[in-house]
Amino acid sequence: MKQFASFIRKEFYHIFRDIRTMLIMLVMPIILIILFGYAITTEIKSVPFAVLDRSRDEVTTRLTDRIGASEYFNLYKLLDSEEEAQDLFRQGKVRLVVVFPPQYASSPDAAIQLLADATDPNEATQLTGYATAIITAAKTDAIVQTMPIGIIPVVHLLYNPLMKGAYNFVPGVMGLILILICAMMTSVGIVREKEMGTMEILLVSPMKPVYIILAKAVPYLLLSMVNITTILLLSYFLLEVPIMGSLFSLVMVTVLYIIVSLCLGLLISTVADTQQAAMLISGMALMLPVMLLSGMMFPIENMPKLLQWLSNIVPAKWYIIAVKDIMIKGLSITSVLKETGILILMAFVLIAISVKRFKIRL
Amino acid sequence: MRLNTLRYLLEKEFKQIRRDRFLPKIIFIIPMMQLIILPFAANFEMHNINLSIVDNDHSVTSQQLTNKILSSGYFRLTDYSPHYNEAIKSIESNDADIILEFPQGFEKRLGREGTNELLIAANAVNGTKGGMGSSYLSSIVQNFNAEKGYYPADLVGVKVTATNLFNPHLNYKSYMVPGIMVFLLTIIAGFVPALNIVSEKEKGTIEQINVSPVPKSLFMLSKLIPFWVIGFFLLTIAVGIAWLIYGLIPVGSLGTIYLFAAVYMIGFTGLGLAISAISSTQQQAMFTTFFFLIIFALLSGLFTPISSMPEWAQNITLLNPIRYFVEAMRMIYLKGSHFSDIEGHFFMICFFAVLFNVLAVAGYRKTQ
Amino acid sequence: MKAIETKELTKRFGTFTAVDHISFEVEEGEIFGFLGANGAGKTTAMRMLSGLSTPTSGEAVVAGFNVYSEAEQIKQHIGYMSQKFSLYGDLKVWENIRLFGGIYGLPEKKLREKTDELLQTLGLESERNTLVDSLPLGWKQKLAFSVAIIHEPNIVFLDEPTGGVDPVTRRQFWELIYEASARGITVFVTTHYMDEAEYCNRVSIMVDGRIEALDEPAELKRQFQAADMNGVFQALARKATRGE
């Protein structure tokens, strides 16, 4: 036991000696939370637009003002010709051009044309939608609507009435950071010792290989817990994401996920010979799937069947679902039995494979 | 003599890259995978939203509206629940995303009073999804209103037609693919060389070079050129894949794309080398590069529009070389922008290329 | 002209003085042994002389060039073999020779001749196309030495070149050193092995960053009344205050 403690101490020395890497590991979650919390959104606002007004009458001026006054649009320029519109599009200066037909005031049935830069199709759809709504609203201002008409949809947004993005990405960032630290750092750490030849020295010591690996994992486990604490504190106090369910269940699921990540790291270290390879494998084979196939950024339902199926073997997917259920929906741990079960299964499979490979390689 | 020295150094680099067990595979396979998988995965379009319907009315109207909703293509019926409390369970178990509840006597009241409410409850943990789903649903209901003539005729008077330029089929993949090409070049040019010099440091082989009369700029150049060549090769394959799989051909000039890529890759290799010059272990180099790369990528407009970001974040993106190339690439590919339209972007990329390479040469010390 | 001349040469790392005002001269063509316990400052001193590290104070002239202002010229005229094996393991034997010959500016034709000659001297002709990583340690060391002097430098610096190899290989390695010396190359060598010290023309012994003794081996043995160099070394090492 004493020996084991000294091994763990050695691993801590490795981490603490490299202050820059440690700082990055501690600061990364903070930056990610801030970026995702404030910068990464698809809300439309202040998009530059131009107007090609062939009427230049009272009505079109009023409509132009109304569009420009909305939070979605900023008037960039009043145009004189269609060519000018083309130029502005090509230079990327505007993303929407509103074209008013001649004598619009006197012929209200004439169509207003919206030209949208559909390079980004989502944005284009939203832009034309908003512009249409503003124009319609402005034109029907006169009509006083005293009573509701037709079927009125009453929308309840469950769990997240303000539609905060944070409710979705906080679990995502947790899934990402943990994979990053546990899997990437462990695999690189072990391969580094292989490369430097110090692994052999460790293996001939009376310590069992299992303990050597465990000793490597312990510091990363602790670092991960620090990071999770940071993320939860930031999201609770800064982004005001509530923790509806039990903190204990949340921690239990997290520890389970950390174990899976560590196993993944171990497995990678048995496959890779060089640190470069270990990094690239964990970077490409872990990071990207976590960002893309975990449902963190993009909805899984929209993907082709093959990718949907692939997403099932991404541990982060199950972890993120479980965290959302417990943290945001406030469900008990019994409602995430499927997710935890899958994670436990993954842990066992990964351990089995890596232990087998570890023995063969050494 | 100088050029000759460079030749020997380059021979060495290419042999080492070729001999590496993993590197050649990783350099080629993984970016290609990205180009094939990412555009399918990175998609904000919504369809297959799971719907749980609670129909307390069982009337013709409720049935008509249900049919209209299900035929829109956005929704998939998960179940009919007898009661709202049942439906909420399918939301908790993530089987359903949205509940649609018709109140009792829905059709009757609509006929009598000309109006009635319809409950839509969306799982908004994922705000975008919940929000978009419920607004799709609302707009289908509005259309239904119009069809049934529940709206006054005056409103129909406003005619607005929308034309989607440059990407008429609103294909999100056409938007993502050029951006991903940039991302791919960034990783190959920025990530791999960063690890390269540090690996020489760790192995100690760099000592033997440091003690020789090889000038440091020449040594850096020998690290830069191979990845530059590989980058061009990859870009060419990527352009081919974009054409074969996504039917995407640049509207603008391919020459402009290569010109941008040439300078851009020099810049990012410079950044990678600068980082590796100040790192003593590969782990450190990797984390530092990774740190910059992830911030640069998230703030590049690759995934979410820059104009949606808050002011401070938009200001940061001005210092982000990825942003300029992603924008330029999309403009050339989809809009056919000329070089003169994007010379500002080109200038910024040149600026970063010079800056990063000066940092790299300054950071690499032959002498301690 | 002396091959190496130093005066009060010093290197500090923060408050730690690794090399403490050392002054000595090395004659051209000499085999100069640089002895000392681990941590005595041998490698630091050698790194300053070979232009890898800038001194904190003092003076040093190597092959006629000043270490402060002419470090790059020094590099053209010296060879260096570090403690840690530093050839490229993922390049073949001939490729390493070609690389280092090439960066020292050997013309293509000369390079080919030199490669053949070198492989022959080392008896490595059959290993021409072997990756250096898969050579036994002793062969690697001999190859590293030959590569270090491929450009016929004025001086070659060897930092514990025979660490970890068997006595027979060490003996062969010293034969290579003698040959180089016979061709007029000054050899500056650090070592742990006291029997190797006997092979040097002159040796200096460093203790705690300072040179405590410098003379021919026979003279040192007489001075310290020791039977062999090991005795001399033990007598001096007892004074050391720095630990391992």
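All chains are identified by letter, namely A, B and C, in their written order; residue positions are counted from 1 within each chain.
The rule we apply is simple: a contact is a pair of C-beta atoms (placed from the backbone, for glycine too) under 8 Å apart; a residue touches a chain by one contact, two chains touch by 3 or more.
None of the values given here were measured: they were computed from a predicted structure.
*Asks:* Mind listing the chains that sit against subunit A and also against subunit B?
*Replies:* none
*Asks:* Per the contact rule at the top, check every chain pair and give me the one with the most C-beta pairs in contact.
*Replies:* Greatest number of C-beta pairs in contact occurs for A-B.
*Asks:* Just how far, in Å, is the C-alpha centre of subunit B from the one of subunit A?
*Replies:* Result: the chain centres lie 12 Å from each other.
*Asks:* Would you kindly tell me how far, in whole Å, the mean C-alpha position of subunit C lies from that of subunit A?
*Replies:* Distance between chain centres, rounded to whole Å: 55 Å.
*Asks:* Where in subunit B do residues touch two or more of the other chains?
*Replies:* 20
*Asks:* Given the complex with subunit A, which residues does subunit B contribute to the contact?
*Replies:* Of all residues in subunit B, those touching subunit A are 20-23, 26, 30, 33-34, 37-38, 40-50, 65, 91-94, 110, 114-131, 134, 137-138, 141-142, 144-145, 148, 150-152, 154-155, 157-168, 170-172, 174-175, 191-192, 195-196, 199, 202, 279, 281-284, 286-288, 290-291, 294-295, 298-299, 303-305, 307-310, 313, 327, 330-331, 334-338, 341-342.
*Asks:* If you look only at subunit C, which of its residues touch subunit B in the complex?
*Replies:* For subunit C paired with subunit B, touching residues are 47, 50-54, 71-72, 75-76, 78, 80, 82, 84-91, 95, 98-100, 102-105, 131.
*Asks:* Can you tell me which positions in subunit B touch subunit C when the two form their complex?
*Replies:* Its residues touching subunit C are 1, 4-5, 7-9, 11-12, 15-16, 19-20, 203-215, 366-368.
*Asks:* Across the complex, what residues on subunit A touch subunit B?
*Replies:* 18, 20-21, 24-25, 28, 31-32, 35-36, 38-48, 87, 89-92, 95, 108-125, 128, 131-132, 135-136, 139-140, 143, 147-165, 167-168, 184-185, 188-189, 192, 195-196, 272-277, 279-281, 283-284, 288, 292-293, 295, 297-299, 301-304, 307, 321, 324-325, 328-329, 331, 335
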